[in-house]
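Structure in structure tokens, see below.
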Amino acid sequence: MIDALTGVLIIPAIGAGLLAALPGYRLTARLNVLVALLTFLAALSLFVVEPRSGSYLLVDDFNKVFIVLTTFVGFTTSVFSASYIVHEIEIGRLTPTFVRFYHAMYQALMFAMNLALVANNIGLMWVAIEMATLTTVLMVGIYRTHEALEAAWKYFILGSVGIALALFGTILVYMAARPVIGEGLEAMVWTVLITHAAKFDPALLNVAFVFLLLGYGTKVGLAPLHAWLPDAHAEGPTPISAVLSGLLLNVALYALLRFKMLLALNPAAIAPGPLMVIMGLVSCLFAAFMLYRRRDIKRMFAYSSIEHMGIIVFAFGMGGTLANFAGLLHMTMHSLTKSAIFFAVGHIAQVKGTQKIADISGLTVTNPVLGWGLVLGVVAIAGLPPLGIFMSEFLVVSSTFAREPWLATILVLGILVALGGLFLRLNAIAFGEPRGPTAKAEASYVPMFAHLAIVFVVGIYMPPALVSGFQNVARLLG
Amino acid sequence: MAVIRDFILQGAQMLLVLLLSPLLTGFVRKVKARLLRRQGPPLLQPYRDLMRLMRKEVVLAENASWLFRVIPYIVFAGTWVAASLVPTFRSGLLFSWSADLIALIALLGSARFFLALAGLDVGTSFGGIGSSREVMIASLAEPAMLMIMFTVALIAGSTQLSTMATHMASGEVGVRVSLGLALLALIMVAIAENARIPIDNPATHLELTMVHEAMVLEYSGRHLALIDLASELKMLLYVSVIACLFVPWGIATPNGHAAEIAVGAVAYIAKLTVGGLLLALFETSIAKMRVFRVPAFLGAALMLGLLATLLLFVSRSL
Amino acid sequence: MRGLSFDIAHLLAGSLVLVSFMQLYQDRLYALLNVYALHALLLAASVAWQAFVQDAPHLYLTAVIALLFKAVVIPTALHRIIVRLGIHRQIETVVGVGPAMLLGMGLVALSMVVMLRVTAEADPLAREDLAFALSVVLLGLLMMVTRRNAVSQVVGFMSLENGLVLAATGAKGMPLVVEISVAFSVLIAFIVVGIFLFRIRERFDTVDVQALDRFRGERR
Amino acid sequence: MMVEYTLYGVAALLILGPIAVAFGTSPRGNGVVYGASLIVSLTLCIMALLTLLDHAVVPGVTLPLGLPWLGARFRIDALSAFFLVVVNLGGAASSLFALGYGRREHSPERVLPFYPAYLAAMNLVMLSDDAFSFLVSWEFMSLTSWGLVIAHHRDPENLRAGYVYLLMAGFGTMALLLAFGLLAGADGNYGFDAIRGSHPSANLAALVLVLAIVGAGSKAGVVPLHAWLPLAHPAAPSHVSALMSGVMTKVAVYGFVRIAFDLLGSPAWWWSMVVLAVGGITAIMGVLYALMQHDLKRLLAFHTVENIGIIYIGLGLALAFKAHDMPVAAALALTAGLLHVFNHSVFKSLLFFGAGAVLNATGERDMEHLGGLIHRMPQTAFVFLVGCVAISALPPLNGFVSEWLTFQAILLSPQLPSWGLKFLVPAVGALLALSAALAAACFVKAFGVTFLGRPRTPAAADAVETDSNSLAAMFFLGALCLVAGILPGIFIDALAPVTRTLVGTNMPHQVGLDWLTVVPIAESRSSYNGLLVFIFVTMSGSIAAFAIHRLASDKLRRGPAWDCGYPDLSPATQYTASSFAQPIRRVYGTTLFRAREIGEMPPPGATTPARLTVDLRDLIWDAAYAPIGAFVNFAAERLNVLQFLTIRRYLTLVFGALVLLLLVLAIWQ
């Protein structure tokens, strides 16, 4: 009997195998979309029948949000990637073999991320995130240009160091848990850990959290561990940039949050909040300033991802129902918006034949749909209403200012600086006298505008189901 | 009955100021000439000038617009109404409350506004010089005037001229520093506003030195007559404002009978004479100043006014 | 028996740290690889000893994995690579040996301080082991930081992994999944590194990471 | 029901946006969008007027939008009703104007979609009754207007204007956000009623007030936060400039009044000092900036700054009186401020329409290239003149009434006990007087140089009168100026419910006083009767005209202008805007703007023209804005190094972070 939970894992796994085997990029592209769609449906069915979670797999309100988000963005991205990849092959940037490899890896990545989300075992979760990293490394390097290889190499080295640190942290958690829970598998199972967390050895937990924060924080892309992120986004294929920004960062964040919950339950342990708040602020401010000197459009939005991850981590670090709610909302909105932006950027880069901001201008004149799509995306990501991110930023800032005025002020500063940076470039890209090739894009606009539509709707009206779900999770996070 | 009498009085006032104003100008000219040991024009010369101008045809520059032809009437009407709202021989005239001192200043302001526009209409450089200097002077004179108004209004507890006059006439005011400052400032403003020496020379026609005359250089015939009449009215107005604010004695009270009114009228004439004499003396005894020394002059007036108000604000609480 | 086993485990772990220090001051790749082999050997030994102490047979497997892959296969392969790349005589350190050693000392001290905070009822064996493992990890990281050459960075990385394995085996009764994953990741890591080295070889004349860094995303 | 109906109207406007997108560049879109928005805003205006006039309390509405646990709350009280009138009046007028003006828009697809959304956003700000929907509407308003500002995006100047504008808007919104964050508290009671209920401590309230001044002020264009305004307002199409200048700044004022008078409860006495100082400085700086301009629309924009200053003076006085509970005086001051809000929205829209008509007819915004338009476009000239007289605060038009009331309020201030105010208020009064006089000077320049004299360029020489729709809009507003000027009592009475809700009482009932006089306190104190003054002036003027024409001569002859014997002076010899402003520039500008006149006179016999260039520096920009930009650049440049490190260095960062955290652990406990 295969329930939704296993479905979420098995479908992409099988998909990966099939795609690795099958030739013909058009077919495989469609198949890729199909598999992603099935995964998404399976994930949706989690709401209908909640499978009971064993000692390896687990489904609760917390990761349901993440799973659905992941599978959805995975699906839309696969739609986008279908049209993207075709173009890449036509201009000969990729060979069919590489495309086959790419599709297989895509599903492998989906599998890994889903596994990381549903894992009830910290070891298993670690393995999954591991796998996700390696697959993305391979995909970042897929163009085999100097820059791509450098980016992949950088990503690989920094990533595996992060992985190593995370593993060490995981081991320490086990060590902390063992005296209380006893040896063996039990001591690595979430549900068990949570129940006994209060009695763990605080010193061990502290060290563990430091390592986990740095390990998974590298994946989240927190400054100063972010170095891999901009280049990986800029040099890899755009669908992968979308998935990285939209999903992988979230998955790592998810892991981090799990351990934060663990630590929060132990009164004697160091408070995880302040550490996260500080790292969040640093990332936010740093990334905001980094936006100003960008010449590569994808790299710029990569930095904006760092900024938003900073905000999200800040929110979760502040804690409290309101801030947690805001953090979750912000994370969801950011995934959708940022991936939509990358969809737009991908097509733009294909139309203009370059990623250099200096060579792109007057887009709203030459390609109105793409151009205005990008404008809308940037408006959303800059946190302007009536789109979703405004709501979350409103909640974060206003709820923080009453508690910690200075922190909120710094955060506001970061947001404003980022606004300036984003629109400085947007003006150059979307408006002014058009330059460069003005070919019409044979693009699939559906995913982009679907995302933006969702972001828009949520910014105005949040369905009660979503609200209650988020609020439950926010309460879980304490 | 009473209403009719008030109407009559109001009308009398309007006619009075209209008829007296050229006389005042003529008087001042005469006195000045005498002081310079000249025969000087006869007292009634201004009337004659006006009549002559009225009868002459108007020569209009080619590209003068309709506005150019309307403006003299606006200026004249504005000034006349303003002048006729100042209590001269009797306070509390029928319509005196329809515009208080601020409104009077503003009325004169609108007259000036349009006159300055007239200066720009034909599109010669003299008009430009005239109006640009005029507005510069006004931009300092008006606030000064308002400051003075503040001072007096705060003492009298009203901005109604007739109320002010009665309050000042009643002895309870006494001598105040701020009043002195205000008087000084008001005189300076009056000189500037009426384009008298040392700010401007009403007699000159050397383009580069003149302000008021340059603005109206393009006017002729009846238009010029109206504008001259308006400026004469303005002078009268200022003298009577000074009179009713600072030497309000003799002004008939609202419910005063005929004799009182007669006294008021006589007193008013006397005040005008004195004012004219002083003005002529002042003008003959000093030389015109450079245009860009004017701001200093008026700035001083403004500062005096502000000082007076401040003193008042502070003394109120003591 | 308890005391003896403890001492031996202690000895092995300590010597692992020592070897990490040795690695720090090897400035020739050849020597470095040899020392790394020694490092892996010691790791295998200590893992085996742990297996014996905790009589957890699956740990022997880990020990064997460590022995085969880390002590034999990888060093030889790397030998080949550096010979083929002709960088086996290369001398490359960023930070001088002296400062590096001092830093290392500091790190060891730090890890001790951090770990000895742990309350004692987590049994001393684990505690000591953890302290050593942590210092091995830190030293490995330090090595990655102080080396300029890709191969030696990889070596540093792998000695870091050794530290992890040490810790994992020190953790009593930790499920097998961990060791496998470690071995697995190291394997993958090595393959990927290999691929990269070759790719890089195709494109650049050296594996010097700085050469890579010359191709930055955003050159002026 | 009023709220529902208003919301329906807003919804209609919001739907218009996508429809406009559907129309794209087709010419029919213009008529449809502007026609529809004209109808809608007219209806909304009338409804708001009714709400204002019958003092009934309208029940609020809560929609399941916005913050889920709070909902989007909408409510109309007297204050918002009044501002709704202002907003929709302006909206209707500019829609009418745009019916004609928009036809000559060369990229309608960039204007039409934003325009109705912009109107809707401004309405929503007035309606919203909780912090979240307020801020959403507020920022949505900025966003849509940004879209309109950069409608003509091919001109880099406009792009820059839009950029500065958006940044300032974001800054202001953030300030307001923090203010509301403080008011709402950590557990987020964002509803206005809850905020009213929570009485913040003195320091908290002070902080909120400062944030409100900064936040709302940056939108209203209060000096020194005005920098974006003269850039953005002229950049937009003229009917939008009218909306931004005439209406959106009022929305900002509304935001300030809502927070300072309503949400914050009873004020502390020194708040008024801040507001008064801000207002006075804003007024004088605005008009001085305006005097230095020769771009017609920018001049108007700077005058908006000045009038905002005047409004803030009124509000500051009201705060002062309210703080020392002198409700009557407070009512007077508040009425003065709010009346000026209305008046300014009317004549400023009118003036921007005029500027737009000129721009359309000549393609010029620079006054130095205009002139003599009164012959080519007499009707525009006439109605523009009306606007000029009104904004120069000259009787009998409406601008004078509100300033007169403000002066009356100032004259009540000696009764204020606190010393600071005793010194500040007269100074502010002087500033107000000064700015009024300077405004008159400035509009002599604006009208004289643009419409009078001889045309300076061919473009000006063969301009044509603008279309009937635009004229209709302008004449409507002009008539309103006159009505509000001569019958101010009606408008003052209409404001009574507002003042009653905010300061507890209202000015004495005006309508029904004999001769429709305006009497702020008591007749003995002061009174003004615009109607009578108007009648007197017209009567005496026409009597004089009649008498002279009948009794003396009415002959008239055209001849060449007096030229001092130099025949045929070229139009270049006329006074230009900058030469007109020269005396004033010498008086005020030398210190405030570092104004320098660099004249280069060629040597005798040289054929090169002599030229005189005037060099002005915006010290506020140099002092406040340039440094920020410089700092951001500096920081970005420095941090940018981190993009170019070697992998080893990045690893070092990670390593450093790890060691640091471990050290923290080692030291902690």
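Per-chain numbering from 1; labels A, B, C and D assigned in written order.
Following the convention adopted for this analysis, a residue touches a chain if its C-beta (ideal position, glycine included) is under 8 Å from a C-beta of that chain, and two chains touch if they have at least 3 such contacts.
Predicted, not measured: the structure shown is a model, and the values here were computed from it.
Between the interfaces B-D and C-D, more contacting C-beta pairs are found at B-D. Relative to the whole-protein C-alpha centroid, the nearest chain centroid is that of D.
Most remote chain with respect to subunit A, judged by CA-atom centres, is B. Averaged C-alpha coordinates put the centre of subunit A at 78 Å from the centre of subunit B.
Subunit B and subunit C have centres, each the mean of its CA atoms, that are 100 Å apart. If you average the Cα atoms of subunit B and of subunit D, the two centres end up 35 Å apart. Centroid to centroid, with C-alpha atoms defining each point, subunit C and subunit D lie 69 Å apart. Touching of two or more other chains is recorded for no residue of subunit B.
Within subunit C, residues 114, 117, 141, 144, 153, 209, 212-213, 216-218 each touch two or more of the remaining chains. Touching of two or more other chains is recorded for residues 643, 645, 647, 651, 654, 658, 662, 665 of subunit D.
Inter-chain contacts occur between A-C, A-D, B-D, C-D.
By the touch criterion stated above, subunit D contacts subunit A in their complex at residues 64-69, 131-132, 135-136, 139-140, 143, 150, 153-154, 156, 159, 162-163, 166-167, 170-171, 174, 177-178, 180-182, 184-188, 190, 632-633, 635-637, 639-640, 642-643, 645, 647, 650-651, 653-654, 656-658, 661-662, 665, 668. Residue ranges on subunit C touching subunit D, taken from their complex, read 94, 107, 110-111, 113-114, 117, 138, 141-142, 144-145, 147-148, 153, 209-210, 212-213, 216-218.
Touching subunit A in their complex are the following residues of subunit C: 114-115, 117-119, 121-122, 126, 130, 133-134, 137, 141, 144, 153, 157, 160-161, 163-164, 167-168, 171-175, 177-178, 181-182, 184-185, 188-189, 192-193, 196, 199-200, 203, 209, 212-213, 215-218. Within the complex formed with subunit D, the subunit A residues making contact are 153-154, 157-158, 161-162, 165, 206-207, 210-211, 213-214, 218, 224-225, 227-228, 230, 270, 275, 286, 289-293, 320, 322, 362, 364, 379, 382, 384-386, 390-391, 394-395, 397-403, 408-409, 412, 415-417, 419-421, 423-424, 427, 431-433, 460-462, 464, 467. Residues 643-648, 651-652, 654-655, 658-659, 662-663, 665-666, 669 of subunit D are the ones touching subunit C in the complex.
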